[in-house]
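First, the structure itself, so that you have it in front of you.
Which chain is which? They are A, B, C and D, in the order written, and residues in each are numbered from 1.
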C-alpha cells in the first residue's frame, strides 16, 4: 500500500501540467473540432470533412516535400552529430551553440537573406555571372526547410550518440568490424531512438510551414500550411479547422507507427 | 612454443608522462600470461596496444613474426573481454555471440551449431532470447567470453574481467577461465591487480610497476625469488629489511648475524632481506635470534597474524599458536627462509607493517605534515 | 586523413548555415533602403534603430515574454516530468505525453487561432459577470500561449535526464534525513539541471521567434518584434530590422566565445586530472 | 552551453530595457501636469506613417504634443499613442471581428471599409464635421461607393496599380503599347511577376479582358482564371513584398504594382519605368476609420483631424510615397520637391492622370468591392486554389520521395524479418518449454 500511496503523492507534481494542458490544449482543441464539424451558421455538418478530397493533392505535395527535406536533414545531420559527439568536450559546446544561434534571428529575415543570395539576380548569380533559377522552385523550399530545421535533427542524435558507451566502438572493432561496419552494425542501431525523435522534430513542423513555401517557392504552388492560413485569414474557419484536424490525426498515426519500429521507450530529445 | 607475440622497446606517454617505458616482452603460443601490477602502472595500456586500440609512441609489436603495430584492431586475430563486458544492448544473447560470425558471412546452420556449443561451454544454454540488460554480472561476463572466443582468435585479451564480480563467483570464474584456456589451448593475456588471481591462474606472471617490467617468471618463482622490494611486497606478504652481506651464506640485519643459502654478492654489500611471515617461528624470548614486543594479533582463521615491533621496525608473523598482545616474544628463522635481493629503487619503500596499503600511508604522512 | 575530412565537413555545413547570417549583417550596413542592392557602407540604420523607441519596446516585450514564458514552462515542465516519471500506470503516462506533444505537432496557425477563439470566449464569459475587455488580459493570453507551446520542449529535454538518473540518489538523500521535497530540490534538481537549462533555452528560442501565434492571440497594446517585422511586409522590410538582428546575433556570439573560453579551460583541466589518476 | 544562456538572457534583457526606457522617455516629455493618460490604439499598415526616419517628422509624437498642449485641458486627460501594425486587410479584419483587441483608429482599404460597415464593425462619426475635412480633394468627397455620405471614413492615401518594367530587359516597343499584355508576353517568360493575393491577380486579368471586377457571375471569373493559368508558365513567381528586391536586382523584368511603390524602387534602380495600362486599372483608397469597439472615439476624431492638417499630411505622404487625397499636400512645395527627388516625373505619375482618365476605357467601377459583400468569397477562393495546384508537380519530387519512403520501409521490414527469421528456432523452443511448464 505504501508504494502506491507514494507514487500518487509524487505524481501530484504533474498536476499543474495536467491542469494547464486540459485548459489550454484540450479546450482550444475542442474548439477546432467544433469548427471542423460545423458549417458557417454553426449547425452540425460533415460537409467540411467531405470537401477535404480536393486538398488531397496539396497535402500530398506538402508531405512529399517534407519527407525529402527530413531525409536531407538526416543525411546532413547524422554525420554532423557524430563529428560533434566525437570532438573534444570544449568544442562540443561551441559547436552546439553555433548550431542553435541562427534560430535566434527572425525567420522572415533569414528567408529574405536566403532569397537575396540565391535569387536570379541575387549575390550568387551576379558573382558567378550565371542566371540559374533557384528561388521559386521546389528545390528552394526544400533548402529552406533543411536550413530552418537542421538543428532539430542534430540535437537529439547528438544526445543519443554521446551517451553510447566508448567501449562499444572498441568491442565492435575488436570483433572484426571495419570502421564502416562498426557504424552500420552497432552505432546506428544504438542511436536509432535519437534518429526517430530527430525525424519527428523535423517532419511534423515542415509539413505545416507556410512562410517558407510562399517566399522561397515563389507562390507558384501551395502547401497545406498556406491553404490553412488562407482559410483562416479569409474567415473560412471551418474548412481550415477540418484540414488541420485531419492532418493532426494523420501525424499522430505516423508517429505511433514510427515509435513501434524503434521499440525503445524515449530518445533523449535535446542535449 | 615459438614466440607468438613480441614487444620490442614499446613506450607510450600521455601528456608528456611516460606510461610505458621501453618495454621488451615475448609471449609464447598457448600460454596463460598475466600482467600484474597496481592501478596506473601501464598494464592495461600495454594490453590495449596489443589489442590495437592504442598505438605505441616508439618500438614495434610482432605477431607471428610480422610487424602489426599499424594493423587496425579489426584485422588482428586478437579478441578482447572488457572489464564492463561491452555487450551490445540492441542485440539479445544469441545475436551478441553470433556477431563476429555474421561479419565473416558464416552460414546460418553453422552459426546456430557453434553458438549453441559455445553457450553450453559457458553454461548458459537456453539463454538465447534473453536481453543482455536482464542478465547478472557473471552471466554477462560469460556471454562476453563466449562472444570473444567463438571466432577462434589466436589470442584472447582479458582486461580485469572479474573485477565486478563477488568473491565466490570470482573464484568459480577463475577456474572456469583456466579450464576454458586449457581446453581451447590459445594464448590468454590476463590483466589484473589481484595477486591471488595472478598466482592461481597463470603459467607466467609479468609484474609491472611505473611502466616497467619488474619481473617475469612462473608464479612460484615470483613468490619465492622476488627480484626487488616491489615484487616481494606486491606478491603475498613479506618483511623486507635492510641488511649487509658479510660473505656468501652469511648476512647481518637487525644487529644479528644469520646463516642463509644465497650467495654471489660483493663483501659487505648492502642488500634487501626478504622473510615471508609464514617462515618465522615464534619461540621463547631467550631462545629467539631476535626479540620484539607484539603490537597486534588478528585471528585469520587459518593462522594468527601477529605484528611484532623489533627495534622500531614492525614485522608480520603468521603462526598457528596464539600469542598475547603486548607480550615479548623471540623469533627463529631457518637459513632457507632468508632470501637476499639486490638493492633497487624500491628498497626501503615497503616491508614495514605499520599499515597495509599505500593510501593509508599517505594519510598518516598527511597527519604528521599538519603537526609541523 | 579522417580527422581532416571531418574538419572540412564541419566548416562546409556551418558555412552554409552562416552565409545568410553574414549577408544579413552585410546588408545592415547598406546605405540604401534596400535589402538586396548594396549601395555603400553606412551605419545609418543603426542610428535609425537607436532613435526609434517603438522597435526597442517591441524587443523588450519580446524578451520579457520569452524569458517569462520559458521560466514558467520550465517550472511546470520539470514538475510534470518528475510527475510523469513517477506515474505508475502506462496509460496515463502515454496519454499525458501525447497531449503534451499536440502543440508541437499542430501547425502554429491552428494553435494560434484556437487559443484566440478560446480566450475571446473566456473574456465573453467573464465580462457577463464583471467588466473585462480583451485588452486587460492581452499580455496574459500571449504569455499563456507561449508557455503552452514551450512546455513540450522542456518536458522532452528533462524527462530523459530524470529517467537516466533513476531513484538511487533521491533514496540516498531521504535516507540521510531529507523529506521527499528536500530530496528533489537538494539532490535530483542539481543533477538534472543540464536538461532543465537546455529545455529552458529551447523554450526561449521558440518563444523568441514565434510570430503566428502571437499575431492571433496578441492584443493591441503588446507588440513583439516578430509582429513588427512581419507587419512590414505590407511594403518592405527595412534594413533597420537587419541591424537589430545583427546586434542580437553578434552579442550572443561574443558571449558564447567568452564564456566557452573560460569554462573550456576548466573542463580541459578536469580531463587531464582524471587521466593522471 | 548552459551557463552561457543565463548570461545571455540577463544581458539582452538589461540592454533592451535600458534603451527603450531612455529612448521612450524623451518622446513623451509633455508630462508635467499629472493626470490620467488615455492610450489611443492606432492599428495601421506596416511602414505606412512617417515615424521620424531620416529626419522626417514623427507624426504620432507630434499628435501627442499637439493634443497634450491644446486639448488636454478640454478633455481632462493626456494621450499616449500606442501604434501597432498589420500586413493585409484580411488579417486586420479577423482581428477586429474576433474582438481580440479594441482599437481606436484603423486604416482599411475601400473594399474592406464596405465589408466592415456591412458587418457593423465601424463607428459612424460623420467626417464632414471635422474642421480639416475641407482639405480633402472634392473627388474623394462626392459619395465614394464604399462610404456614400462620408459617415465612416476619411481618405488617407490613394493610388492606382500599374505595370513596372525594367527598360534594360524589356524592348521599348513591347512596353510602348502600355497594355496589360506585357504580363502575358512569352518573350519575357520566367521574368514576369504576378500578385500573390487573389483580388489583385484576378483584377489584372479582368482589366486586361475588360471584365467587371465585381461581377457576381462565376463564368466571368472562370474566363479570368483561364487567362491567369495561361500566364502561369510564364510567371517567375507570385509575389507580395518580395517584388522590391526582385525588381531592384533585375531578377525579374515585368511586374504589376502600385505607383507609389514604383517610386521607391526606381530610386534604387534607374532602369525601371512605369505605365498605367490603357485597358484600365485598379484604383484604391485607404481611409482612416474608427472601429465600433473604440473606447475613446472623440480622441480618435481629433487624431484623424490632426492627420488631415498640412504638416503631418505632407510628412506621411512623403514617407509612404502613395498619392495623397489632401489638396494642401499636392500644392505644398516641400512635398513636390521631396517626391520629385525620388523620381523626376513622380508628380506626373501620381497626379498626372486622375483615376477616371486612366479608366476611361474601362466600362465598370474600377474599385474592388469586398468578395464577402458579393458573397463570392468561397467560389473565388476555390478558383484561386485550383490555379495554384493546377501545375503538375515535377516528376523528380514524386520519384525521390517514393524512393526514400520505399527505401526506409523496405529497410525496416527487412531488418525485422531477418531478426524474426534468425531467432525463430530458439523462440519456438522457449514457447514449447513455457507451454510444457504451464501444462504441468
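In this section, contacts are C-beta pairs under 8 Å (C-beta built on N, C-alpha and C of every residue); 3 or more make two chains touch, one makes a residue touch a chain.
Because the structure is a prediction, the values reported are computed rather than measured.
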Most distant chain from chain D, judged by the mean position of its C-alpha atoms: B
Chain pair with more C-beta contacts, A-B versus C-D: C-D
For chain A paired with chain D, centre-to-centre distance based on mean C-alpha positions, whole Å: 30
Mean-CA-position distance for chain B and chain A (Å): 55
Centroid spacing, where centroids are CA-atom means, of chain A and chain C in whole angstrom: 16
Residues within chain D bordering two or more other chains: 1, 4, 88, 91, 94, 245-246, 249
Residue numbers of chain A (touch at least two other chains): 93, 97, 112, 116, 119, 122, 232, 271
Contacting residues of chain A [partner chain D, same complex]: 54, 57-58, 61, 63-65, 67-68, 71, 93, 96-97, 112, 115-116, 119-122, 126, 133, 135-136, 138, 214-215, 218-222, 226-227, 230, 232-236, 261, 271
Chain C contact footprint on chain D (complex, rising order): 1-9, 11-13, 15-17, 19-20, 23-24, 26-27, 39, 41, 43, 45-48, 51-54, 82-88, 91, 94, 98-103, 240-241, 244-246, 248-249, 261, 264, 268-269, 295
Chain C to chain A touching residues, read off their complex: 6, 9-10, 13-14, 16-21, 23-24, 27, 35-36, 76-77, 79-80, 82-84, 86-88, 96, 98-111, 113-115, 117-118, 121, 144-145, 147-148, 151, 153, 155-157, 159-161, 163-164, 180, 194-195, 198-199, 201-202, 205, 208-209, 211, 225-226, 229-230, 233, 237, 241-242, 245, 248-249, 252-253, 256-257, 260, 263-264, 267-268, 271
Contact set on chain D toward chain B in their complex: 419, 422-423, 425-427, 430, 433
Residue ranges of chain B touching chain D (in the complex, touch as defined): 92, 94-95, 98, 108, 112, 126, 128-129
